[in-house]
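Below you'll find the structure I mean.
We call the chains A, B, C, D, E and F, going by the order they appear; numbering starts again at 1 in every chain.
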Amino acid sequence: MKAYLTREYIFSASHRLHADGLSDEQNSSVYGKCNNPHGHGHNYSLEVTVSGQVSPETGMVCNLVDLDEAVQHTVLQRFDHRNLNMLADFAALVPTTENLTEAIYNILKQSFHSAHLEKVRIEETSKNSFEYAGGETPCR
Amino acid sequence: MKAYLTREYIFSASHRLHADGLSDEQNSSVYGKCNNPHGHGHNYSLEVTVSGQVSPETGMVCNLVDLDEAVQHTVLQRFDHRNLNMLADFAALVPTTENLTEAIYNILKQSFHSAHLEKVRIEETSKNSFEYAGGETPCR
Amino acid sequence: MKAYLTREYIFSASHRLHADGLSDEQNSSVYGKCNNPHGHGHNYSLEVTVSGQVSPETGMVCNLVDLDEAVQHTVLQRFDHRNLNMLADFAALVPTTENLTEAIYNILKQSFHSAHLEKVRIEETSKNSFEYAGGETPCR
Amino acid sequence: MKAYLTREYIFSASHRLHADGLSDEQNSSVYGKCNNPHGHGHNYSLEVTVSGQVSPETGMVCNLVDLDEAVQHTVLQRFDHRNLNMLADFAALVPTTENLTEAIYNILKQSFHSAHLEKVRIEETSKNSFEYAGGETPCR
Amino acid sequence: MKAYLTREYIFSASHRLHADGLSDEQNSSVYGKCNNPHGHGHNYSLEVTVSGQVSPETGMVCNLVDLDEAVQHTVLQRFDHRNLNMLADFAALVPTTENLTEAIYNILKQSFHSAHLEKVRIEETSKNSFEYAGGETPCR
Amino acid sequence: MKAYLTREYIFSASHRLHADGLSDEQNSSVYGKCNNPHGHGHNYSLEVTVSGQVSPETGMVCNLVDLDEAVQHTVLQRFDHRNLNMLADFAALVPTTENLTEAIYNILKQSFHSAHLEKVRIEETSKNSFEYAGGETPCR
């Protein structure tokens, strides 16, 4: 009786891909136009998947209001309408969407306990998406 | 040589979320505006995933005509353009999309045998989706 | 320097198409399964288009916050998560999406004055949409 | 025999909405989180609509290769993966999407002559879009 | 009280772009890979827009069943799952989407009379679309 | 620290479903209008999913430029704007999307080594998709 629930959130942010450990030439070679000075930005589509037993009483895996609150307070307020490079999360990490996906997974793993967090998926553009499921295989 | 095939169907229905075992205040608290009297509705997007060997002769996992017929006769005729609360399926169950997903999975598990039913996924809105795969992990 | 701004809102509602002036047979013939007793529902996608000069100071046609407030208070609170047949708007009108589009256009024409209301468009399903622009040709 | 052709291009950029003529408080009030320091970003979907007679010989309004080249060289190279606030186009203009739409319309009006430029439309997010058609009514 | 109704239909077809009046080199230059021998194909999304008074009795511009029947019998049966180059419509015309859009507009202008045909729009891919409105400006 | 990256590519091709081992009547019965003479076509949306450790230095699973080059040279140049029935890949195989998905998986398994190929998914139309993951369960 285990069901899976996925909910989508949208946020907008800017970033510049630049690794401190690489030379300017290497950065330009590795990241291409994503290394342009002054950065650029995206509308990120964030999908959070949780799972659990369907409650016989309410018919729900968990209340979406609880999930929305956790995502709002711990994720969206932190990343929406921000320059990712200026955040503490990316002081020592390049703000690629791979790293952003893992950061959000870890934040939600700590802040949301009403259902089991299965995975986090971020669409950076309509052509690229990234998923992270902790150490587990992100079955869905 | 096992491949997976997913096909999408659309249907429209109305429902009101209200648990008989809860007080009116509790219902309002748990379900919010989904508990509004007289109900509301959705366009449900139903995705059915089946799997099987690809036939060397026909190049197909199964004939989509067979899948369409099963879904049409056992699912769409039952739920499309209906008020879910009035159906026998939900006489003792709250018609959440979690419960609707599980109901449709169980119906198809019994009615469709041309390929292995992997899972059922329903998008209630463009922001919410639900998946059910019986007792199995809904890998895909 | 006149620009056009379109913003999308989503709401869910249920309805049953049934004209009091027609017999049961005629209703069934005209509306098909949309005439099913107890109703069904949709996720309605509402697009509001307004126009105006772009302010040289702010670079905006109008503030989206103002548009959002007008739509929230006069449209979404009235129609979201409702059974359209139970509303005063449709006491004497069949709640088709044509009539719903015109009703929302008229409401916004009265309640929103920060820019010129050009037209209202509603997608009932991904296959059907309706537009209304008052007496004007809905150029866009 | 006049037909209309619309082609979509995608680019990513960052911006911060801040009007020099307003105080910090006014900027915060007018632009909300879009005024956050360090900016944020979007995937912009740009739609260019042109019109013309369908050539009896080639069956085309114009060659898409020509349109692609004009947009690539005069628009995408200028705005893609950039911080709009750093560009000469927005030295004296707030980089709202209204102003960006008008800037791109004016650039294409000068650089593309294989068909009549009808209008430019930009989707800033899936919920907001902006259109500009010069002094004309953007019929389509 | 005039409203606009748009309905979407999908069909799949193949074509090869090749103008008899051009040399092989010219064809290759004008049409690029669309001139590849043996052709290629698309899922075409066809949008038909009609307009009319909203009936006070039924609340409808026209019955969608009538529009569906006209499109099914006169358009889809003719073009769906076909090679456009083999059809009489394109014996003397290159099967570009411009010409296909005009052909479908003309067919519907003759076969559908329950409401005023405003325009026909075809999406050839998610990036290209074409519109035709007879001699009129395709306002909408 | 294993993350998953999915990237989408679009190509257009034509095909006709016809099995040499079946009679004309059987072909018509099995494939319906997909067996129409002269073929038809689709816009295929190809999604390639790869996985790997996120590099602590670059923050990437692999460089998208490498993936794009592999897909461009080994898949798109082979299948885009082609008639699948004329290709060596389908000399002895019916060009169903099941077989096409498996063919592309096998090509990429040989040509792309910068990350682990997890699975290939092809959307034939907005309603049908197919997945193949070699002998593995296509978890994601």
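The working rule: a contact is a pair of C-beta atoms (placed from the backbone, for glycine too) under 8 Å apart; a residue touches a chain by one contact, two chains touch by 3 or more.
Predicted model, so just to flag it, every value in this text is computed and none were measured.
Each step here moves to a touching chain, and the least such steps from chain D to chain F number 2.
Chain B and chain C touch with mostly matching residues; of the residue numbers seen at this interface, over half occur in both copies.
Comparing mean CA positions across the assembly, the chain most remote from chain B is D. Greatest centre-to-centre distance from chain E is found for A, with centres as Cα means.
Averaged Cα coordinates give chain B a centre that lies 28 Å from the centre of chain F. If each chain is reduced to the centroid of its CA atoms, chain C and chain F end up 41 Å from each other. Chain C has residues 126, 139-140 in contact with two or more other chains. Every pair of chains meeting the touch criterion is listed here: A-B, A-D, A-F, B-C, B-F, C-D, C-E, D-E, E-F.
Residues 10, 12-15, 33-34, 36, 38-43, 80-83, 85-86, 125-126 of chain A touch chain D in their complex.
Here chain E touches chain D in the complex through residues 17, 19, 21-22, 30, 32, 93-96, 98-99, 101-102, 126-132, 135, 137-140, going by the rule given at the top. Looking at the complex, you find that chain A touches chain B at residues 1-8, 54, 57-61, 63-65, 139-140.
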